[in-house]
Amino acid sequence: MDDASNGKPKTELLDQLEEGPWPSFVKEIKAASQGSEKATDLLRQLERSYEERKGHWKHGGMVGVLGYGGGVIGRYSDLPEEFPQVAHFHTMRVNHPAGWFYTSDALRTICDIWERHGSGMTNMHGSTGDIILLGTTTDQLEPTFQELAQNGFDLGGSGSAVRTPNCCVGMARCEWACFDTMKLCYDVTQAYQDELHRPAFAYKFKFKFAGCPNDCVASIARADLSVIGTWKDDIQVDDAEVANYAAAGVDIQKEVCDLCPTKTMGWDGKKLSIDNRECVHCMHCINVLPKALRPGKERGAVVLIGAKAPIMQGALLSSVLIPFVPAEELLDTLKELVKRIWDFWDEYGTNRERVGELIQRVGMPAFLDGIGLEPVPEMVAAPRDNPYIFFETKNGGAK
Amino acid sequence: MDDASNGKPKTELLDQLEEGPWPSFVKEIKAASQGSEKATDLLRQLERSYEERKGHWKHGGMVGVLGYGGGVIGRYSDLPEEFPQVAHFHTMRVNHPAGWFYTSDALRTICDIWERHGSGMTNMHGSTGDIILLGTTTDQLEPTFQELAQNGFDLGGSGSAVRTPNCCVGMARCEWACFDTMKLCYDVTQAYQDELHRPAFAYKFKFKFAGCPNDCVASIARADLSVIGTWKDDIQVDDAEVANYAAAGVDIQKEVCDLCPTKTMGWDGKKLSIDNRECVHCMHCINVLPKALRPGKERGAVVLIGAKAPIMQGALLSSVLIPFVPAEELLDTLKELVKRIWDFWDEYGTNRERVGELIQRVGMPAFLDGIGLEPVPEMVAAPRDNPYIFFETKNGGAK
Amino acid sequence: MTTAPKTPRITDIGPPHYQKFLPPLVKKNYGQWKYHEILAPGVLCHVAESGDRLYTVRAATPRLMAVQTLRKFADLADKYCGGHLRFTSRNNIEFLLEDRNNIEPLKCDLAELGFPVGGTGNSLSNIVHTQGWVHCHSAATDASGIVKSVMDALYDRFTHQDLPAKLRIAMACCLNMCGAVHCSDIAILGIHTVPPKIQHATLPKVCEVPTLIASCPTGAIRPATYEGKPSVELIEEQCMFCGNCYTVCPAMPLNDPEHDGLSIWVGGKVSNARSAPKFSKLAVPFLPNHPPRWPEVVDAVVKIVDVYAKNARKYERVGEWIERVGWPRFFQLTGFEFTRYHIDDFKHAGLTYARSAQIKY
Amino acid sequence: MTTAPKTPRITDIGPPHYQKFLPPLVKKNYGQWKYHEILAPGVLCHVAESGDRLYTVRAATPRLMAVQTLRKFADLADKYCGGHLRFTSRNNIEFLLEDRNNIEPLKCDLAELGFPVGGTGNSLSNIVHTQGWVHCHSAATDASGIVKSVMDALYDRFTHQDLPAKLRIAMACCLNMCGAVHCSDIAILGIHTVPPKIQHATLPKVCEVPTLIASCPTGAIRPATYEGKPSVELIEEQCMFCGNCYTVCPAMPLNDPEHDGLSIWVGGKVSNARSAPKFSKLAVPFLPNHPPRWPEVVDAVVKIVDVYAKNARKYERVGEWIERVGWPRFFQLTGFEFTRYHIDDFKHAGLTYARSAQIKY
């Protein structure tokens, strides 16, 4: 199955994926296989999968580093005799720096460590945000970990634990960040090191921080706790710049006013007027006219809860828990809130039940009671339409 | 408890409902009690309910007329000693003429019959559409029924049967009727006399016919089978009349174009243009400009299925089953369709399960398979968002 | 008093054919109407292709009517319109006139009899309602009394056409919702708030236990034996007082003068005009049951109507207005308290949560 | 080769502080950005209150990368931007330049290395994806190979900004949907279509039966004994192939070369811009699993992109466009067949039915 002439694996199918203009992952594995037998066997096994239209990994096992319950995904080939170098092929999830900024040195350090201990293959990055170091053996886990640690890196989350929080680039490069996403992400990550490394929950718990409602980290779709920046006061308008955009050909009425979800803007050909009371802070107008419009000055975030992928009761989007928290109060508010949420989840959650599913099961009202939050109409798209109200029997339903 | 001075019931609470400008039902009961002891005891018992804040009717029993299983709601007082005249107080549901048209003679005939046999109290009409004759004794049911029958009236539905179909005034007085609601309602009612009078279903089944999407009989909310008129071709526009409306002060842009759900109309101050391809046939523009706009000429109806009140899995609105049936094909199509629906319901419905709930339980795709209808995208607001597809295992999911 | 039928028994004749009752002008122009105008509140004019004009005068009825009153209507029909009349889908009565000059005299007669003319165009029409204590065993409250009290307070909204759009109120006396409560601009709903009291002694005689158990949407009812006989027990925390068990089993009464009450719902509609049909949503979860004039209910409904009338745009139904301004604004403007009861916790609850960061402040 | 750590063990230090890695210009203007402009596809210019300008050059990566390639990026960062770079939330790489004059040389170097510059503004960005056959036991298909094949076909959509709005594609290799498949403009999802094959022999050794039973969303798994040992049985008609049983129990494999395939979903989004976030909806229920280049999948995705590009209005995301024109139009325009599989029959199915008479013809 290898090419007899050069000892290189014969990968007729995968080779077809070296063609075409888009960067090729096959080229990458081939590059790594220059220095790593593991990468070579990965290539071989993958070619087999392509031939047979079938994966060749066994269901993972529990492996890890000393004292941690997570951060490593155990992986074994189901064809260990044929592909001995990937007989063990665990990934290590390394907690990325907030905002995914690196210096070239830091990047090289990771490369060097991984070249020594693993396959030399990485994901930059995993879907949760981690640096994924792809493929090593059990005995290499601890040494890799310690080398990483000496260089300032730690493992990320896996299993029923806090997962590596992530955030948008925020204040580092974006004019719209309504709170400091990278700082909050970093602070939260540090605050929950124990919960991140030592799975003690019923299931995973993800945090994601987006600086404004554009939500460049998909927090509302992919985090148990989604923090999305917003503002409370009026949109800041630079009339002259609006006029410039118009002069430059932007059709303010059509491209801005007509697309405002609440149609709360007026354009008389000269001046843009906004009835901010009706603004839902969707960002559209600001997105189209970045030089002219900016979020207001009273900034903070909406806190939402419960997003997840479909398994098992269908996918969920996070829903509003606190309509507005001022930026400076975010860390404290989150810490207090998360404590209460975890207590409730701990007490009432069943095995492998995400917090969003728990809320679906027990009902938002019961959840709010449990964590001691007052209901507000901002939490719902609409009040209930069924008359099936569980009145407190004690007081006979009187409010 | 009666007034000693005149032998009339003392109704201090109810009397307060004789005050005020709106027509008073208390005055009505008092009027009837001139000629009917039954009405007098009704008044007495009702006053008691007002005092005690509690109904005084027992859970109904099975009573009726010979050979029918429905059309009568049995009712007994739980204070028969105190109010002997309402000890039995059954209602008779009399099938109204389509469109609720009467001659004064017909009305008087009903009044005379009911004065002889019952309390003299009526509902014009019940929520399903029937003439409700309110309150008589068991022995009077059959004679009342036969007198009604001799005068051309028959009972309506109750119990697990077809319920009295009803319809909007339609072509009799409305310029928008896209099919002949009264005729179809009459024809359907006649076609299902047996199913109407002899409950043989798992639960009730209601038909309602509305001539256009304004749905003046709330068919989409209150019928298991809702037939709503619509058209397929272009809205008929009389430009001159549009201009007249504009001249008369109607703000065509704001009141018409801006409120079109698909914003498919344009108004240049002179002429109204409609991109009919994007029209969803909501009726709004026609409603506002009745003299200028009219439904197109290719008329028919949407057939929808499954509306009902909340018990037990929450209220349902009917949903699209056939997007368009030409007016002339409606009766035949409905008969064929209803046959298949009832067969399926009969086979798979559980006790007290409305057809809408059955569809929820087995799933629309299975229901469509069962009745032999091809799925079309008009049936859904959106395709599924969960990946839980029950592929036919036989052919491994290939389409 | 009974007159026994002498002729052979007649059955299954169905309703009379509608054509028998149509006014000649309607028959002549059936399906040939061209357009209509509203001449005044309660007065419509339909113009046929032929040029014929049919005048409709619509008046409110209390629905619950004595034959004496129906005869008065018959007399009016004879007097003004060749003995033809009809009722509407909202329990109003309509006189169908050929002669425009009969409109005013008819209106005068109706005024004298106490039947207000109105309910057309952008006004409040009659309240669709149910039996209440007048006839139903299931009623948590009366229906007619509340309708009367509310309409007394909203009388002018019926006789004037100065609302933003059509306004439809419905009332039902229990969760069975006989009527259109689940899809009305404003709905008044009688509710229980304590669980049924199981009558163990009679239960085995009057109900089938499996059917009873199956009737509970939340599975709150479990089989049990009581003094050796089959009965049921109730997990009280799982009961949301829907009354379906009582519907199938008389031994499960819920009526409770202390704890029965009313709830108010808003924003439903059934027409397809502009927006799709909508369910009504909870506005006020509980108001006390205070006959004979239910002041708390009247106040709440009047409040909603006033706030709606003041704030909505032309042609905006209640639900369309609320969707535009948002539910938080609705609660602010009405002053109704937003409680845990407003947040859905039934089957599709999750879909009612606010799943976006779009918020008004 | 292993270098054992000599110093005391370090744990729980968390990620490095981000400040260590920020370019000086970013540190200086942190939180002080004023506005941005897109200079060219893949090239952003952020202007600070101070007047400073930061130039970003964004290039695609295959995400699955060898350390060799990462070192090349490090070299480029050294060469052009003081050794600073970052990755984006969609696996692109960004070079952060102070000197505008470095933009073009950097772009040339990237072109030479084969990393396209683009993905900004109204373009297609990189495909968020998952492990596939490269690392996951759960995969119904490969991920990287499909991404490569699709992006080869849509290359110009990345390097040009001529789409109506941002376009986001996601790919997941099984229903666990590691990524954003459930909320993407276009999503590609690996699926199983036959039930798990129970490995009775190993089952009792590797799984807990109660956990296994609880894992099935439809309750298709029941306890059973097999040759005297505890195992489970499967009601095949109740299985919708989600794979959750396999996640909790290795003895329930679903992989099946013949019957595994792909489905295509459309119209999701996560931003709150204009419309609220939306789930992706089913466009194509099943396409065959054809490595190495999955022509059917590529065709379907390209078809959607082309139809969208041609028909949507400016700033309309895929889902917004479809909601405006309606789903029937979407199926007409793409030519995809509408099947029974498109009609939801899971928990909230009823809410997806068309509950109005509003229809386009």
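First chain written, first letter: the chains are A, B, C and D, and each begins at residue 1.
We adopt the following convention: a contact is a pair of C-beta atoms (placed from the backbone, for glycine too) under 8 Å apart; a residue touches a chain by one contact, two chains touch by 3 or more.
Keep in mind the model is a prediction, meaning the values are calculated, not measured.
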Selected from B-C, A-D or A-C, interface repeating B-D by over half of its contact pairs: A-C
Chain pair with more C-beta contacts, A-C versus A-D: A-D
Distance between the centres, which are taken as Cα means, of chain C and chain A, whole angstrom: 49
Inter-chain centre distance, chain B versus chain C - centres from mean C-alpha coordinates, in Å: 12
Multi-partner residues of chain A (at least 2 other chains): 213, 215, 220, 228, 261, 281-282, 310, 314-315, 317, 385-388
Chain D residues counted as touching two or more neighbouring chains: 175, 177, 182, 217, 242, 256, 268, 272, 277, 279, 346-348, 351, 355-358
In the complex, chain B residues that touch chain A: 310, 314-315, 385-388
Complex contact set, residues of chain D against chain B: 175, 177, 182, 189, 191, 193-195, 217-218, 236-237, 239-242, 256, 258-259, 261, 263, 265, 267-268, 279-283, 285-286, 288, 324-328, 330-331, 337-347, 349-361
List of chain D residues in touch with chain C within their complex: 272, 276-277, 347-348, 351, 355-358
For the chain D and chain A complex, residues of the former touching the latter: 1-5, 7, 9-18, 20-23, 26, 30-31, 33-37, 46, 54, 56, 60-71, 73-75, 77-78, 83-89, 91, 93, 96, 114-116, 128, 130, 132-139, 141-142, 144-145, 148-149, 151-152, 155, 175-183, 206, 211, 214-215, 217, 242, 244, 246-248, 250, 255-257, 260, 268, 270-275, 277, 279, 289, 291-293, 314-315, 346-348
Chain B to chain D touching residues, read off their complex: 213, 215, 220, 228, 230, 232, 261-262, 277-282, 302, 304, 316-320, 323-324, 359-360, 363-366, 368-369, 375-391, 393, 396-399
